[in-house]
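Heads up, the next two complexes both have subunit A, just with different partners, subunit B and then subunit C.
Entry: the complex of A and B
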């Protein structure tokens, strides 16, 4: 089996966080990673906390430790991170599979980039995320009964 | 090729999570609007509503499925991010080992809890 060729990440952590002159999609990708890390951190704790119900401990119900406003705010942030991560993730999967990047063309100068072709997909996904986020905010503010 | 396979699983897991976690969010975080699977009214996360869902086989199965795919997706994603720092091969192996142990441990804990609370809910011991 062929070994993967290794390329040194000279930029280190800036290689993760810096988008350079790449388009807004690159920054959307960076935010995708940051929200993913936040969701993962929450999820690992969530597994432990919710597993306690097997012992009859419900920390998230009224009067419980996690029913305080600060944790409610935290839950909303997780919800917001999910809305963004999920819908941007759909975009990334579609692009990875070759959708919404336009048809292949000959590399004739001046070169055209597919980054501009996929912009409508990003906009559509962000509109959907905003709608989902607004619904969550409506609920978080206690307006839904 | 092996990493390509793992990456494909990562994407496939993301699609499964999109639907299962989407349903979870509709129930738990948009419950005041959707009122899904919360027949006792009040908060979707209240104890009676939680016990109601725990007693349904559909939720037990989907909790375990979501647990598995989300752990894989999250830990593989973090592994990918860490590997971009060009770690030494021995460190990469150590990271992989720790994540596999952590993932299997949490999967075991969550699966045990889902099965236990399902059995308890079926007996009606918690209302």
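Entry: the complex of A and C
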């Protein structure tokens, strides 16, 4: 009998970004990936910009291209991405080494999962990230002057 | 539908349809279903098949959340159709779709073969290598209640694939082993009768194994049996790291008992009286 065609129902990127009733850890997962990609993009751009020095182009000097206000905001976004990625990364390292997820339990409805156990750690890290962001915003966006 | 049941509301079921013989892509067809108190989504699908459209296909068996056959995407959430009451999740509309991250065979029937292939590749059974054990199958393994608790939660898995459909990593990486097979691997790794952890590590420690999980937690949220695959995977990673660094204690798998009195007695239990005959 000939094999019937099947429809591939893989969600792809939409699996990260859409559908389902999400929990806070799912949003943390998405933001971790997006900030990771953002920091990678920044590093690539950073290499390009600094390599221009070899051609005698200095874009970051006083009055140069990168002294426009939009780049100040960009700089702050890079800092924000870094702060979030680093602090959420600390949580993930702890969780992925089996800390803060609890021991196996007898599942009794309504089920409590390891997500409930590690939530205080997530909240603590997000509070720390918010403090870093506030301090960074104060400095980067020129409020300190 | 039982005659005594009173219709509470009419709900529009937006059901994904796909027949590979006629359709190039899935499409959505809407059916209006009279719903009464206590009616499950599975009952609703039966109503459609019996009264509105006999060509609708889906997979089910036990109707009581035990067999794991009727996993579906209900209002965007992967869960069991037999375990979900319509009035608990829908006011007027209910979308019913096949579990994503699998190929669709027809309508609401996903092809779960790829999940079972991954499951099988992790040797989801007790592995013993000692000659004496293989040659002498008589007797029972000794396992304490504490030993049992280390993996009991993971034994409740019914292989419904809801966790696989919920996993965002699996959505973009088809090679990733996924929550169900990895939780099954951890279930046997923690079993004191088993001696196959290092064999399984060769699979679970690879690039598409446990470390591909980044703890989005959707598998544990979706699991209809409270198995918590995310927790199993994190403990599996811990064990992989300890094994890689040669920091885990090498324990022999538990031995067999060949008669009464060979087990470790529990504390505070008085000794049995002397034999009188």
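The rule we apply is simple: the second predicted complex is superposed on the first by the 115 of 145 C-alpha atoms of A that agree within 3 Å, B and C clash if a C-alpha of one lies under 4 Å from a C-alpha of the other, contacts with A are read in each partner's own complex, and residues count from 1 in each chain.
Methods note: contacts are C-beta pairs under 8 Å (C-beta built on N, C-alpha and C of every residue); 3 or more make two chains touch, one makes a residue touch a chain.
These figures come from a predicted structure and were not determined experimentally.
> Per the contact definition in the header, classify A:102: touching subunit B only (first), subunit C only (second), both, or neither.
second
> For A:16, decide between first (touching subunit B), second (touching subunit C), both and neither.
both
> Taking the superposition as given, does A:8 touch the first partner, subunit B, the second, subunit C, both, or neither?
So A:8 meets both subunit B and subunit C here.
> If we overlay the two complexes on their shared chain A, which of subunit B and subunit C does A:93 touch? Say first, second, both or neither.
first
> Counting only touches as set out at the top, which of subunit B and subunit C does A:61 meet: first, second, both, neither?
In the superposition, A:61 contacts subunit B only.
> Quick check on the superposed pair: does A:111 touch subunit B, subunit C, both, or neither? Answer first, second, both or neither.
A:111: touches subunit C, not subunit B.
> Touching A:47 in the superposition: subunit B (first), subunit C (second), both, neither?
first
> Do any residues of subunit A touch both subunit B and subunit C, and if so, which are they?
4, 6-9, 12-13, 15-16, 33, 96
> Enumerate the contact residues on subunit A facing subunit C in the complex.
So the residues of subunit A touching subunit C come out as 4-16, 19-23, 25-26, 28-30, 32-33, 92, 95-98, 101-109, 111, 113-115.
> Which residues of subunit A touch subunit B in the complex?
The contact residues of subunit A facing subunit B are 1-2, 4, 6-9, 12-13, 15-16, 33, 36-37, 39-40, 43-44, 47-48, 50-54, 56, 58, 60-62, 75-76, 79, 82, 86, 89-90, 93, 96, 135-136, 138-139, 142, 144-145.
> Could you please specify the touching residues of subunit B with respect to subunit A in the complex?
1-3, 11, 14-15, 17-18, 21-22, 25, 29-33, 43, 45-47, 50, 54, 67, 70-71, 74-75, 77-78, 81, 84-86, 106, 109-110, 112-113, 116-117, 120, 126
> Which residues of subunit C touch subunit A once you look at their complex with the stated criterion?
That would be residues 18, 20-21, 25-26, 75-78, 98-105, 110-111, 149-154, 156, 166-168, 170-172, 174, 190, 211, 213-218, 220-221, 223, 225-228, 230-232, 234-235, 237-239, 241 of subunit C.
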